[in-house]
Amino acid sequence: MVSPILIIAIGLGAAFLLGFVNEDRKGIAFALTLAALAAMSLIALGWTLAFAAGNAQTADILTAGFPPPFAINLRMGPAEAALSLLVAATGFLSAIYMRDALYRHGRRAMAVLLVAIMALTGIVMTRDIFNLFVFFELIVIATGGLVLLSEDRRALAAGFKYLVVAQVISIMLLIGIAFVYHAMGSLNIDDIGPVALGFSGAGLALFLVLVALFLELKPFPANGWALDIYESAHPGFSAIFSAASGSAALFAADKVLATSPAWLPLATAIGIITFIGANILALRQNNDRRLLGYSSVAQIGLLLTIVGQRDLLGDSYLFIAGGVLVAHAIAKAGLFWMSGLVGHRDLKDWAVLRANPVLIFAFATFVAMLVGLPPFPGFYAKWDLAHILMAGDRAWLVALILIGALIEAGYLFRWFGFATKREAPEGFPGFSVNKMGIVFVTLLAGWTSGWIWGDLSANPNVLSMVPVLFALAFLVLEPLPARIKNLIAIAGLVGWFVFRYPAYDPLQLVFAIIILVGGAVIFLASFNWQGRRLGFYPPAMLMYAGLAMLIEAETSFTFFASWEILTLGSYFLILRGKMSEPHALSYIAFSLGGAFAILAGFALAANGTQPFEMAALADVAQTAAPYVFILLAVGFMTKTASIGLHIWLPGAHAEAETDVSPMVSGILLKAGLFGLWVLLMHMGQTQFYGINLTYFLVWIGAISAFLGGLMAIFQEDAKRLLAYSSISQMGYALFSLALMNHLGWLLALMFVINHYVYKSMLFLAVGGVYARTHTKLMYKMGGLITLMPFSFVSVLIGIIAMSGVPPLSGFGGRWVFYNAIMTADMRLPIILIFLSGPIGFLYLFRLIHSIFLGQLKDEHRKLKEAPFWLLVPQMIFVLFLLAFAVVPGLILRRVDAYISTFFPEGGLEWTSGGIISEFGYWNPVAIMLVIGVIFVSVFLLLLWMNHDAQKVKQFNIGFAGERPYRPETTHFAWNFFAPYRKAMGFLVLPVVTTFWNAVTDVLHETADFARKFYTGNGQTYALQALGFVVVLFLIGSGGTP
Amino acid sequence: MSIDWPRIGYAALTLFIVINYGMIMTALVRKIGARVSGRYGIRIYQNYIDLVKNIALRSKITHGVMYYLGPVFRLTGGVGLLLFVPTIYGSAMWSNFSFAGDLVLALYFVFFGTLGMALGAAESGHPYSAIGITRGLSQVTVAELPLALAVFAISLQYQTLNITDIVAAQQGGIFNWTLFTNPVATLAALFAFVGTMMRSPFDVVIAPQEIPIGPPTEYHSSYLALMQTNRVLFPIAKTVIYMNLFFGGATNWFEFAIKVFAIYMISVLVGVVHPRFRVEQSITFFLKWGLPVGVLAILLV
Amino acid sequence: MMQAIYDRLKDRFQLGALDVRSRKGLAFVDLRREFLRPVLTELRDVEGFTHLILLTAVDWIEDERFQLTYLLNNRQKNLDLGLRLRLDRNLAIGETIHDLWPTAATYQRELREMFGIAFPGSPRVDEEFILEGWTDMPPYRRDFDTLAYSQQTHADREGRETSDPREFMKQILYPKD
Amino acid sequence: MKHMDPNFRKDTKTEFPQREELKPRKVTTPDGQVIDIEPLQDYFCQEPPKVHQKSYFKIVEDFYNWCRAESLWILAFGTGCGAIEMRPLMTPRFDAYRYGIQWRATPRQANLLMISGYLSVKTLKRAIRTYEQMQGPKYVVGLGSCTINGGMYWDSYNTIKKLEEYLPVDLYIAGCMPRPEALLAGFMELKKKIKAGNAEGANKYAEKFDWYKANQKAVIKDWDMPDYNW
């Protein structure tokens, strides 16, 4: 192996050599710089690969020929190798990125850059604290110089402030080092400690060193001096400052802390405060780089927290810390580099990235990496971290980390929403190829790191799962026409279903049919879109991949990974809607909140065991079980949009594209239901202080069913109406599931099927109407029945089926419902369900009346029927509903038998003469026949009597002697249920929305308040840094020095 | 599946009897009302004349397919409801098509005609029709609530959803009727009964003074004839359900006639002494009075 | 009381004589056009005549004049005061007072339709008020002969006899005289 | 007798302009296409009324006529002061219900239109519309001398004098106003006429449709509806 000291030597040597290069020969100087950085990277890479392959041992390099502590020694271990690679590679890429700036400033700037990178690798490798100090000083000076590469005038001030505060810190470090030497008699890190927590003698020494190192990490709130650098420096340098400097400084702190575990809580405390505080502050940022700065600080805070937990993490420490670090470094470097592509500094200006889809993909990747979503390293790290912390009884820390992460996700996804939805500036000059190339390399590195971490993980690698790979393949297929991609997508879904069919149990089968076959049917509607439809298929397929994997998941990890994948996919899918930016954001915020609850729940349940079988949920210890239940239930209920957690749904579903609405409503909601199903299957009877937790679910389900329906009544927007209706329907399903008896579960399953069919059908029908009328406001339509007969039929059938009127399939659901509640323990919530049934009738009638009946408007006179491909799936659904109404047994019978394995009592008897339950009977064929015969007879009778009726037009109505003035004034549709609002309106005041708004408001207010610390004055910042030390000292010593 | 011709014959006969009974009974009820106010009132066979007159109209119009089908839905709803419920207890044949489904079928089939009628009336494009429908639908959602609760209560009481079984359990004396064994549920159901019979005080749906006659504003000729037929048939079909569930059912046609008339008169008596509610008032009324009684019923079982 | 009000107004505006009628508390005053608005404002805001009972017109065809009558009421004191204003019949343009009393707009619309008196600026004054599809001259003008119009528009039923009521009743009641 | 200006000539030249909402207009569809809207054509059925044959069998027609006679549904539409005379018919004193007479609130379901008193031109338009919206066979009864010859409004510029020029009147009930007893007597007469098969006003209206329309349009200058209001 090449000696690692060469890394430092090359950096230093090249910097020295640059001095000999002619000032004008910038090309040579730059080539030299690049070569040096490349060589440094390659050496580090060599070591890293050797460690990965297991061919290398940790090597100590002695510099002066003496063993430590008599001379400085460097160490090259796996962590050092990886970090050196990170630092050197970042430097290398940044150098290419900053080519223009470096050319402008000449060889000196290049030399400073080389020194900075060299010093950073030095910090990583050295084992000597005084050496550490030297390298820090080098970095401080180099930073001060490199900041000037920026064209931003504020950079000068920023660099100066940085220098002032950095010197204060350096002095502190130096004093600390002196004390250490005094106490230990050695400057070698390996000779320090273990030092007990204390503030005299060795304790004080270590305190000073640590505090200095922590301050180097820019902890909240003593970090104003560093943030200006992020904001004003050249993005290429900011990338180094964030990715490389931060990592190196952290590693330095880690090295010192490793000697004295007693000091770890200090790191944890500072880390977590920084993580949450910086994230809250970032919420209010409009400047992209400053936001990235806060985010960097937050990520370093998280890492410091993890460092503080190394006593607990044990062997996983490197994996976890490394995962978070790598994700942070790559993503942050990538984002800083991307910020150089964007001309202006407002977050909304990132909309310019839309000029290149790959950049948007890169942006999405980096955001996902930062938030810790699969398949990136942060995901695996977070998973393991949560598990280990939970098992170590540090649930509070998990909670804090997850809250911080949620806030972080909030602003990052909001930013992403700006980029994809806001208006792109006019007259955009184009991106620099050079810079874009760097971003692409980073993107590649991101995905590679994801694969590596997946591979290293004890759990399956997300990137080696077939559905995920299939979905990702669509990224490559993007240049193809949409219709070909659609065909492939359908083939993929159906193919996967056929392939997996033998392995499904009946429950999985039903969900698989809905997700895969049902997904394929909805995809038929997507044939309606022409062109390439960029950015539609990858997220859609990602969602389906997540769903397909979810229902087969055997371990909690696969389950959770699938959950995150489908969440991510559906977020991008929802975001595509024209007006959906805020709704997609609230969707992802709630979904991630829910996902984190699930993560915490799984981690609590697993109690350290990995992999954790889903079935083992049944064996969770008595003490933990209720908490596991609550966490998981809350998580799943964010997806089913149960009341209280529902506010994301109406907007997300209503503003999505026409074929996306049925996907996210008809199919995606079922994921939550499936989760609840699995939960109840394994932990159904969990008690909490003597109360069966399913009681709460029954109530929540009933209230959702009721209020969802009530809110649907008052919507003017057709898709919103359907969206609220979904809340109601999911409430029903939750209710019946939580009844915890045989028929309840059967009913829930019927809801799963029925809701998929009629909600998809209705969304497509309304979407088809929207495609023609360009409005979703119902009162602006009317009288479309003759123009759109097929759409009308599907809405009509959907309504009959949904409202439970015989003879269509909805009635079967009602019948099972009555039989199910006969054996239920609870009676009061049933009242709400009784009330919500007819309420469903109200909003559905409003839907069909306001759109298809009543008065036709002038501008709609020449409308055509909805597009063909939107009608195809609708007609399939119509046929299915009719068939399902007559022969429900085809599907339900097997499931009924399957449910008997959980609830042997109370099943149905399937006979040729109908279906018989314990209490009643139901003969779908007979019902259909009788009604059909009567209907036809009466119809023929009427036809005989009234066959010669004169067809009249819309204004031929008995209008009290007058004639209607205009269709708009004659169509009764707006505020259709006014009397109902008078009587029941108080129930639908937006209490929940107000609550969640208040939560976000408080966060924002806090951020606003905290911003007052950041005066922009260098002296203040220096005082803050000192104040931080004093406060830390006082708290640490308990006020008694 | 072989066709059971005798059963179809009996069904047709049931239909015939009930329609004629309904024609006479509703006329009688009006006549009684007239006599109370000192008039002679309509002739007892007036309903038939009106029916023929409407069928005999020469010119007719149609507003479209759903308009045309509205009355068909309506009458199918009425006929179906009648035939899905056993009419005479103890007779296999007079039970008609009740083999197709139990109490739940009857409860939900009530909406079939309502839905069809609403769709048909709405296609006429008449705003008064639409207003009438919103009133009707708004009111019925809460008016049916006490019934749903009462039905739940008595099906828990008898541990069955089979109407025949429920009637069977009430045989053997008047005190076996649900009316006496479960008076609270009966009271709750009667709230719903009065609320859904389209009589004052709950007839704002068809308020002639403000929205001519609500949903059927545009209907005439044979459409109206079908609806008139349903108007005499449907309340009886509904009353039969109440009779079976709460008043011991009927073992022969005579008992049927008496009981249906008596139960029907409840809504009439309430109607003649109460002025009309606005929709939100009746919603509030049912929530304030009907709902608590219903809740009490399911809590007491 | 009315006299006192009249005297107070008389000091400041040129008014005609106070024309006191049979009933106590009812009087009319003639005034010129330029005093209409100030007098009305004064009466409304100072003298307590808050209510515009009616605004009507009389066609003095012989004088070539339209007379506008603004009848005001003081509710506190139960006084009615009519202001009479004469307009040139051939240049029938009145002044709108809908800003003083919003109801005046309706009266003015009626006068516009029935007498053809214009009130520029009055809201919706040119819309149809009672007549629908009227194309002839304003029917309340006295040169509009309603009988002639009726004869030319609606045919009489043949055999219709018309009697003078006085003669007719006399024949029936006192056939001998 | 009243003085009449022999020189007065009514204005017969001025045309009343078409109502704004009925003028043909151009509308932009959601797809941006511009289409023509002709309100009268698009909103209203343009078919003329048809003459309906009686039943093929006389006995059936007689039975139908008997039913029609015994089931007179009056449209609740009061055109003038005579409307007040109809209310007592519902009271115990007169009790018209026993003769099969009822009031309906919608023209679709009524078959008897009572022109209850003077009919101004403006109301005539509503009466015509309402009459045409009723489904045949349908009957018109003119109430009071105003409908017969103008009555006390004989010289009014705005009140029609002979109702049968505009609608096919089956029966006049004279008086100013006729008392409820006279109304009942009139209904009995109408019944006889219907039973005899002579009350074919609707067919007469269809047969002489052009004549009726000409008369109607001669007095209604702002004809803002289709020729026949289905």
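In order of appearance the chains are A, B, C and D, and numbering begins at 1 in each one.
Convention: contacts are C-beta pairs under 8 Å (C-beta built on N, C-alpha and C of every residue); 3 or more make two chains touch, one makes a residue touch a chain.
In this text, all values refer to a predicted model and were calculated from it rather than measured experimentally.
**Q** For subunit B, which other chain has the most distant CA centre?
**A** C
**Q** Quick one: which pair of chains has the most contacts?
**A** So the pair of chains linked by the most contacts is A-B.
**Q** Distance between subunit A and subunit B based on Cα centroids, please, to the nearest Å.
**A** Centres of subunit A and subunit B (C-alpha means) sit 54 Å apart.
**Q** Using the average of all C-alpha atoms in each chain as its centre, how far is it in Å between subunit B and subunit C?
**A** Comparing mean C-alpha positions, subunit C is 60 Å from subunit B.
**Q** Let me have the rounded angstrom distance from the C-alpha centre of subunit C over to the C-alpha centre of subunit D, please.
**A** Going by mean C-alpha positions, subunit C sits 35 Å from subunit D.
**Q** Could you list the positions in subunit B whose residues touch two or more of the other chains?
**A** Correct list: 59-61, 212, 217-218, 221.
**Q** In subunit D, which residues are in touch with two or more of the other chains?
**A** 45, 106, 108, 224, 230
**Q** Run through the chains and report each pair that touches.
**A** Taking the chains two at a time, the touching pairs are A-B, A-D, B-D, C-D.
**Q** Of all residues in subunit B, which touch subunit A in the complex?
**A** For subunit B paired with subunit A, touching residues are 1, 55, 59-66, 68-69, 71-73, 75-76, 79-80, 83-84, 97, 99-105, 108-109, 111-112, 115, 118-119, 122-127, 130-131, 133-135, 137-138, 140-142, 144-145, 148-149, 152, 155-156, 159-162, 212, 217-218, 221-223, 225-226, 278-280, 283-284, 287, 291, 294-295, 298-299.
**Q** Which of the residues in subunit A come into contact with subunit B in the complex?
**A** Residue list for subunit A touching subunit B: 783, 785-786, 796, 799-800, 803-806, 811, 814-815, 818-819, 821-822, 827-828, 830-831, 834-835, 837-839, 841-842, 845, 848-849, 853-855, 913-914, 917, 919-923, 925-927, 930-931, 934-935, 938-939, 941-942, 945-946, 948-952, 954-960, 970-973, 976-980, 982-984.
**Q** Going by the contact rule set out above, which residues of subunit C touch subunit D in the complex?
**A** Subunit C residues touching subunit D: 130-137, 139, 144-157, 160, 162, 164.
**Q** Which residues of subunit D touch subunit A once you look at their complex with the stated criterion?
**A** 21, 25, 27-31, 33, 35, 37, 42-45, 47, 77, 106-108, 126-127, 129-130, 133, 224-225, 229-230
**Q** Which positions of subunit A touch subunit D when the two form their complex?
**A** 772-775, 858-863, 950-956, 958, 961-967
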